[in-house]
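In the two assemblies presented below, chain A is common to both, partnered first by chain B and then by chain C.
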Partner chain A sequence: MNPLLAAASTALLHNALIVGAMLFALGLVGILTRRNLIVMFLCAELMLQGISVSLVAWSRHHGDFGGQVLVIFVLTVAACEAAVALVFVLQAFARTGRLDAAAWQGLREATLARTVDHALPASDASPPQWPRLSTAGVLPPGADHDSLEREHV
Partner chain B sequence: MQNVSPATLLVLVPLLPLAGAVLTLLLGRRLKSQAHLPAIAGIAAAAAVAVVLLLGTATQVGRPDGVHAEPVRPVEMISTLWQWATVEAAYAPPAGSAAAIPGTAVGGGTAGAARAFTIPVALRLDPLTATLLTIITCIGLVVAVYSIGYMHHDPGYPRFFAVFSLFVFSMSMLVAASNFLIVYVFWEAVGACSYLLIGFWFTKPEAARAAKKAFLVNRVGDFGLAIATFLLWMTYGTLDFHDTLSADGTILPGILGQTRLADPGGIVGGAIGTAICLCLLLAACGKSAQLPLHVWLPDAMEGPTPASALIHAATMVTAGIYLVARSAPLFMACPDALTAVSIVGATTALVAALIATVQNDLKRVLAYSTISQLGYMFASLGTGTLLGFTAAIFHLVTHAFFKALLFLGAGSVMHSMGNVIDMRRFGGLRRIMPVTAATFLVGAVALAGVAPFSGFFSKDEILASLHAKGWPDAHGEHHDAAPSSHAKRGRSSFSPVHFAPGATTAGEKELRPLFNTPETFRVLFWMALVTAGLTAFYTFRAVFMTFTGPTRVPDEAGHHAHESPPVMAVPLMILAVPSAVAGWWLFSTQWLSHFLSATPSFTAPSVAATAAPHAFHMDLAIQGSLAAAIGIVIAAIGHLGRRSDGPQMERFLGPLQTLFANRFYIDQLYAGLIVRPLEGLAVVAALFDRYVIDGLVNSVAHLPLALGGLVRRLQGGLLQRYALAGVMGVLTIVLALAWRLRG
Partner chain C sequence: MILAGAVTAAAASLWLLLPRGSENRIARRAGLVLGAAALAGFIVTGRRLGGLGEEAVFLVVSLVAVISGAATIVTRSPVYSAIWFALSLAGVAGVLLVLGAQFLGVATIVVYAGAILVMFLFVLMLAQPSGLAPYDRVSNEPLLSAVAGAVLLGLLSLSIGRLAADPTCCAAPARQPAAVTADAAATSDTLAVDQVARLGGELFGRHLLAVEVAGVLLLVALIGAIAVVARGEAALEDDRRLAAGGARR
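After this line comes the complex of A and B, so read on.
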């Protein structure tokens, strides 16, 4: 490899690693600071992608496709994981109407008090108001009107 | 009989009741209402063997010659079963005195040599043991048969017979053992059986308390026996009663062995001897319920009545009498200890009789009467004459019969009256229970000392023995005996065996006994005579209150106030026979006193020298009978034919009645001086345990809890914290790796 190419390759590696590190750091900060479960989940994905970028960069630098293969695996696994995690998050929301991680402290020691950094917004006792659209098309046979206006997703 | 050795028979006497006890324990639940069979079979067989042994021993002793011309030959047989323990060279005599162990010089050449500590499990047979074995097993058999009816339907039926049989075993071993340590073991064993039977109905709080009280009070006496055993070992270097043949052919003299008894200097007197004797007396006071340790016996009446009859009237409480009689040669060397026995006995007799006069509980009257009669026996033992010793055993025998009879009669009344025993609540029972009334009356006249009945003769002998010490001139038999015993005495440190006016004028510089004087015995004699009158009074007061007057039955009896079934009535009739005639027969033939005089302990020169020709003292008999008659007449004036819940005789006693009814406040004294302070100590100990000991233990448990509390805060349940912890952990690992790989 000629020196110019080598220098360009090294520069590319550096840039890619910087981007990967930034992604990772953003994800880390996000997961530590945000309380929205979906956002935290996105942040975790962000960290994963940061690592993936680094892997691709190193793979290219060494001319070894192993790193890229690993990234494909990571993406596959991340997709599955995302599917499962999102189900949990959605179910949690369906039960409580909340996506706040601070609302889920049930696994703490019984003697400890609930951690409150900012007071939780009062749980809205009334069912959330969903947008009501006019019915499109014909009602399915046997379905009454109420079942179409259920409160939760 | 020819091919069975006496040694085998002797072992059978305790063994058969033990087998009965074990069988009853194992099969009791299966046998149910027949659970008495093994126990009664065992005791009956033991009684038969004991009678055979008694007759065999009597043949060896021979017939009384009537004049006591020559000393009676000691009769004893030792059967060593096995060596329980052997410690080589356990006893080294003090340096510088070859004959440190008295009697060693006579016994053989082992003086000054170290001795082994051996505990042979040895049984002995001599007249004293044979007599007591017969009494224990025969009365045990009668009472056991009675118990079939009395304990019928009791849920603890098998347990009763198992413990009962075990008691007969223990008591037989106690009187047959030939070693102070074995005696101590069975001394405790009879105490344990007594505890189990007093607390037989252990769900009843009073019974449980009474059992505990009996056990604890007896501990005080047992302590005395333990100390006495230690002192005996230190003094004599052996604990055996009998002589043993050592391996090198020399004779090791036992404490009460014939070698030592034949040696005039064999028994240690002086301070150490007195200490031994007083410790033995303490032990006897505990077991035989003498002042000041008598408080347990009245409470022991909480047990089943048959147990009271056998254990707390006829046999176990006489263990103290046996111990003192067996140790007679030891006491003879310590006149003051001997007199202490008499003083304790006579005082107890009088005090207990006074208390008995105001008791309203039939069994309590009999309990105090037992204490009083045991006191009589002690008073007699303390005279330190052959007559006194044999009279005590004589009274023991007759008392066993008539007191067992009285207790069984009281049990019969109790059985019929629905467990009511307060004499004020029933009366005129002679119409309902004629057999019980008649047999009870026989026992009562025997106890009161009315002329031809057995108590009269034994009581007369006791009075005679006290009288002979109080007025030696009137009897005159000691004048020739005393100087000869002085001449034989080798050691000048010994006190005179008994005080006699002719003895101390011989110019010897001997320690004069403090209390062993005729004056003391004169006082004791009058105390005994007053007691005789009181005995007749309280006995007939009980008879009149229970069996005469208008017929009244408590509500508890219901409709079945009836005569007891034959299984209970027949034992009463059987016991009534010896209660009536045994005294006359044994007195007129002098069979028992002659028989007993062949006991090795009584053939010691110090005892045998006091032998007096047998005589019937008409003046004493008249005095005793007069006292009894006065007592009966007063009882009749107060109670004959009257309602038992009416005004009582004791209203004439005034403040004394309060004193007697409160038992001279002895129980209250113990409560104030011992029980309450100990309870206070127990409370303090409980608090110390709860707060200091438990606090220490709990603090050990609190330590992990506190450590856990420190890390527990990490488990906050907040997702971000967990994530932070994870990040920190990864960061730590990364930094550590970087540090390792830094170059």
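After this line comes the complex of A and C, so read on.
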């Protein structure tokens, strides 16, 4: 192989592997810290993205389709995992009314300390200022203004 | 060393930016500045690619992927988290396209952003109490996790740098004779014009059994999800009946 081409290929491999490692580390930090079950699954998917980038980088480097085929199976397994995991999350929400991982801390080891929530200060961020649009047309009958507006998403 | 500084700055930035109950504007600004410093450090230690255009495109898409990945984990609202994750997916798809994996780049957008992420958003809308829940505004052990992530990232980037510095280590010995004999433009068949067709040939040729197993896996996940919903509702009813019975007694 042309040495210049080889150097460029190695540089691309290096950079792509670094990007994959960063995505994986971000997903790891997220899954360790966040307590919302759905955000934890998003972080798991972020780790899978990091793996995919690394696999495709090696596939490109070696000129072999093995890595890309593996990424296709990663996609498949991620789809299955998301379906089953979201069903479990919905069931957990139906039981506890919260999407909180700490709501299930009764399942922890007997030797571990209990997670204690400190009293949180009221959110000091000013509520978002949504634009007020002037009324256009007629209000549909029976539409209640309050039921159409939510303060937060 | 620049790399160690960048990794430390990244960890400190994550630690400052992660949700921690009260909002502190100074900590947020410091976290953003440190994050920008960490990204600059990583950009400086990155290898130069061949062409300026390729380098710029790779830089932009990987910055989009990493920055929105970081925003995914530091945003308080889970809906915004999911939307940042969609942007991160777009960046990852761009990285895959730069790496020459056209089919996977498009499949990432279609399957992840189009299907899986919409499913996440549906569940969020089904299960989201109004307003920010307390558990979204605090995080478990942000310092320890940021340090753990930094250690992982430092070790990985160190070993990747060492790997890429050694020119002989990552050449494929089995492919080398073919690459030498073949035309210089066709050294790597993953970049051929008909690469999607070749990927399909590889998938349904060498990996046919795995494709069948993946199909069975999808079917099992589908049936399993339906079964969990059906039986879970019955179990919930039982729980309520038990609780009501216990209260009466």
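Please note the rule applied: the second predicted complex is superposed on the first by the 111 of 153 C-alpha atoms of A that agree within 3 Å, B and C clash if a C-alpha of one lies under 4 Å from a C-alpha of the other, contacts with A are read in each partner's own complex, and residues count from 1 in each chain.
Going forward, a residue touches a chain if its C-beta (ideal position, glycine included) is under 8 Å from a C-beta of that chain, and two chains touch if they have at least 3 such contacts.
Owing to the predicted nature of the structure, the values given are computational and were not obtained by experimental measurement.
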Overlaying the two complexes on chain A, which is it for chain B and chain C: clash or fit? fit
Who contacts more of chain A, chain B or chain C? C
According to the stated criteria, A:72 is in contact with first (chain B), second (chain C), both, or neither; which is it? second
Chain B versus chain C as contact partner of A:100, first or second or both or neither: second
Chain B versus chain C as contact partner of A:32, first or second or both or neither: both
Give one of first, second, both or neither to describe whether A:111 is in contact with chain B, with chain C, with both, or with none. first
Chain B versus chain C - smallest C-alpha distance in the overlay, whole Å: 7
Overlap of chain B and chain C contacts on chain A, residues 28, 32-33, 35, 101-102, 115
If you look only at chain A, which of its residues touch chain B in the complex? 28, 31-33, 35, 40, 101-102, 104-109, 111-112, 114-115
In their shared complex, chain C is touched by residues of chain A numbered 1-2, 4-8, 10-19, 21-30, 32-36, 38-39, 41-43, 45-46, 49, 52-53, 56-57, 59-66, 68-69, 71-73, 75-84, 86-91, 93-95, 97-102, 115, 117-118, 120-121, 123-125, 150-153
Touching residues on chain C, where the partner in the complex is chain A: 14, 18, 21-23, 42, 46-50, 58, 62, 65-66, 69-70, 72-73, 77-82, 85, 88-89, 92, 95-96, 98-101, 103-104, 107-108, 111-112, 115-116, 119-120, 123-124, 126-142, 144-146, 148-150, 152-153, 156-157, 160-161, 163-164, 167, 170-172, 175-176, 179-180, 184, 187-191, 198-199, 202-203, 206-207, 210, 214, 217-218, 220-222, 224-225, 228-229, 232, 236, 239
What residues on chain B touch chain A, complex-wise? 712-713, 715-721, 723-724, 727
